[in-house]
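Both complexes below contain subunit A, partnered by subunit B and then by subunit C.
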Partner chain A sequence: MSVIEVSNLTKYYGKSRGIVDVSFDVKEGEIFGFIGPNGAGKSTTIRLLLSLIHPTSGSAKVFGKDVVTHGTEIRRDIGYLPSEVFYYEGMKVIDLLKYSASFFPADSTQRMRELSDLMELEMNRRISDLSYGNKKKVGIVQGLLHSPKLLFLDEPTSGLDPLMQRKFFDLIRKENARGVTVFFSSHILGEVQRLCNRVGIIREGKIVEISDIRSLQQNNYKKLRVTGEGLKAADFKLAGVTNVQSDNGTTSFFFKGDINAVLKKLSGMKLDDVSIEEPSLEEIFMHYYE
Partner chain B sequence: MSTTIYRHEFLSRLTSVIIWSVAVLAIVVLFFSLFPGFSAQTEVINQMWAKFPPALRAAFNMDKLDITSVLGFYGFLLMFVQLCLAIQAGNYGFGLVSIEENEMTADFLLTKPVSRSQVLISKLLAALSSMFLTTLVAWAGTLIAIALYIGGRTYDRSTLLLLMVSLPIFQLFFLSVGLAVSLIVKRVRSVTPYSLALGFGTYVLAAFSGVLGEVKLELITPFKHFDPAYIVQHGALDTPLVLLNVAVTLIALAVSYWLYIRRDIPAVS
Partner chain C sequence: MNIFFRELRANFKSLVIWSVITALLVVVGVAKFSAYYGNPESLKILDSFPPAVLDAMNLRAFNLTTVIGFFGIMFVYFGLLGAIAAAMWGSDIISKEERDRTVEFSLVLPVSRNRVVTAKALAALVNCAVFVLVTWGFSLLMVRSYKPEPGFYSFLALEMEGMFVIELIFLGLGLLLGCAMKQYKLSGSTAVGIIMVTYILSVMSGLQKNLDFLKYFTPFKYFDAGEMLRSGALGGGYLLLSAAIVVVCVAAAYWTYNRRDLYI
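Let's look at the complex of A and B:
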């Protein structure tokens, strides 16, 4: 079952582009990564799904309900962690969390306590006295305390130290194991790679690729590095070879195509060392942006 | 309506309500404490005013009000109370949704399971409560001041009631026009300049309308719609102007509602 169904969603702010003709599905229980550089339309997509803004054309459904007409119902089961967190500066953390919880019918005092203990959040400090990272923790707790079925995370890790990032990822994985669907937007590919099942790549407001993380890595490119005396970049002229770089007898390149062709070529050479690797998401990603 | 939002909104304005209430109370009571002096020396006061240029007298309604009478004096000081209430109401109107958007807390509120109309109605009711609390203080101040300082002079009770009752309708105008303007212009970055401009602007227009005589400026300014001098002189409201005022208020509220339901909440940029 699809938790999010987006079809031909388009948003213009006056004349400037938000997103154009975006379509994708997010299945129940998956962690969907949404990656793209700044200004590609990641936040626009999320804000449309939360009905903070209204589409120019196209439509989107969450839990099978239209986001424009059924926003209020949908938001009962949604948690949102924005990329930049802003809360009522004069309030104490505990009061803000209670205010947030009061919008939902269930009593979440217990969970509030657990989450803030986990994130090492001090409940009695004023929001205005908190550092950026600590405000982010408030965001995490308030986004999760009502046990939502769908989580929108918009570049969630900025401002968190590595230790907290790890705790946060563990938390998200635990939520996901309970059946929570996660929509994870980021421009840091490492974290998407660590966490997500599937990714959508967005560029200049348009989806350029939607794919399994694994197949994105496997079916695309291999990264080869060969070392041998007297090897030159020109020796690797072959269909499917790109990005050839030669340095001090070591040549590395990307290869896409029948792996036997490259192995045949290599078998005719005298090599000291060879390695064949999956490229990182980062490297694949750069390819989409060339 | 969401009681959660109402409560939060009301409490966030509490300090402001207290400050405005104290200010209004001080104006009414301290001003009125001068009344015994004025009323005791009717002749001197009237002679003194007669020496002022006619334009100035008109601007302060002194050509129409006899400030040695209870209601004349009250009508005179009520202009200043009106000015305060106008700025306060303007503040609440311009800030009703724009403060939340400027401080980026709108995302927090609007991703909760509440509809836009629930949000707007709860916010409006909270602002109205805050505003009318100040009105109640102004009313109380009026009754206290009259009890303390009129010294046995008589006045028409129903006219006083009209003057007092006109205040909330007058305030509602500034709240709703402020709200509508804040939703029509792209972004209100700071509330005070807008509310001061609206409050003082309409006040000055009303004053000038007196100075220039038969110019139709009174049509647009609430200070003329609820001109204390007119109410004191006629013992009645200027019905067509009051209807105009109420119509503008209702239109502003309807426009605000329509715009807010369809509004794109600006993101951090």
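Let's look at the complex of A and C:
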């Protein structure tokens, strides 16, 4: 079952582009990575799904309900951690969390204690006195407090120290194991690679690729590095070869296509060394952006 | 209810500040009044003023040496103060969520925008009511040392009703500006600008006969203290007009807030 269904979603802010003709599905129980550089439209997409802003055209459904007409119902089962957290400055952390909890039917006192212990949150401090990272921790507790079925994380790790990041990822994995679907937006590919099953890559408001991480790495591209005397970049002119870089007798390139074709080519050369690797997500990502 | 109570708490400081302002207005006003009280000689100064100025300040309709007369003149200031406070509360209570960037929290909670506007409007309404009561209470407190003429207390009550209706009009306007304007920085200053323009209109409409039609465009002319004293009631036609303005503003506020993109 699809928890999120986005079809041809388009958003313009006046004349400036938000996202254009974006379509994708997120299945129940998966961790979907949404990657792209700053300004690509990641936050716009999330805000549309939360009905903070309204689409110019196209539609989106969450839990099978239209986000424009059923936003209130949908938000009952959603947790959201924005990239920058802002809360009522004058309130204490504990009051803010209780206030947030008061909008949901279930009693979450127990869970509030567990989560804040885990994130080492000081409950009696004022929001205005908190550092950026501590505000983020409040955001994590607040977003998870009501045991949502769907989590939107928008660049969630910024401001968290590495130890907290690890705790946070463990927490997200645990939630996911309980059946929570996660929509994870980020430009840090390492964390997406660690956590997600599938990724969508967005660039300048348009989806350029949707694929599961494994097949993105395995089937799409190979990273080849070849060392041999007198090898030139021009020797590797072949369909499917990209990103050719030559340096001091070592040539590296990406290859997509029938691996036999490139092996045949290599067999005719005199080589000192060859390696064939799966590229990191980072390299694939950079490839999409060039 | 949780939004309503949170807003009451968040706005408490502002309510206290405005209450101090209105209390000061009454205290300082009455202190000045003590110079005129029962002293007809003092009125001679006013004879040197041009009639237009006297009209603009409503000084001809009332006898400044009586408590009723004095509060008749004070009504303009009560109205202005109430209008400014109500408009600020109305616009700020909506737009501050965007200014402080808390919308990404408060409107991701499972609440409809209608419910948010309703709860906030009610909280601002409570503020407006308390503001009138504080003004009323301080007025009663300060006139104790004088001997108000018969009819003063019912006249003061009528003035406070008038002040409340003016507050309602500007509360509605403030809410509409807060809901409709994406440029949240502008909503408060636009509200004050509208108050200034309507106040100037109310002064102008009294200056010349052919500008008389302007009185329909300025809530400050809907309830004239002199007229209230004569008739002992608020004008029914103007009450209806006020109600219509409030209903239109509030309906438009809900309508626009539901449709527009939140500014993040």
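Heads up, the rule we're going with is that the second predicted complex is superposed on the first by the 277 of 290 C-alpha atoms of A that agree within 3 Å, B and C clash if a C-alpha of one lies under 4 Å from a C-alpha of the other, contacts with A are read in each partner's own complex, and residues count from 1 in each chain.
One rule holds in what follows: contacts are C-beta pairs under 8 Å (C-beta built on N, C-alpha and C of every residue); 3 or more make two chains touch, one makes a residue touch a chain.
Everything quoted here is computed from the prediction, not taken from an experiment.
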Following superposition onto subunit A, is the placement of subunit B relative to subunit C best described as a clash or a fit?
clash
Check the residue A:248 against both partner chains and state whether it touches subunit B (first), subunit C (second), both, or neither.
neither
Touch test for A:78: subunit B only (first), subunit C only (second), both, or neither?
both
Taking the superposition on A as described, I'd like to know which of subunit B and subunit C A:131 touches: first, second, both or neither.
neither
Check whether A:102 is in contact with subunit B, with subunit C, with both or with neither, and answer first, second, both or neither.
both
Regarding the shared-chain residue A:87, is it in contact with subunit B (first), subunit C (second), both, or neither?
both
Going by the contact rule set out at the top, does A:267 touch subunit B (first), subunit C (second), both, or neither?
neither
By the touch definition above, which subunit A residues appear in both interfaces, subunit B in one complex and subunit C in the other?
13, 47, 50, 52-54, 71-73, 75-76, 78, 80, 82, 84, 86-90, 99-100, 102-104, 142
Within the complex, subunit A is touched by subunit C residues 2, 6, 10, 100-105, 107-112, 259-262, 264
Would you mind writing out the residues of subunit A in touch with subunit B in their complex?
13, 43-44, 47, 50-54, 71-73, 75-76, 78, 80, 82-84, 86-90, 99-100, 102-104, 142
Spell out the residues on subunit A that touch subunit C in their complex, using ranges where they run on.
13, 47, 50, 52-54, 71-73, 75-76, 78, 80, 82, 84-90, 99-100, 102-104, 142
Any idea which subunit B residues touch subunit A in the complex?
2, 4, 8, 12, 103-108, 110-115, 118, 262, 264-265, 267-268
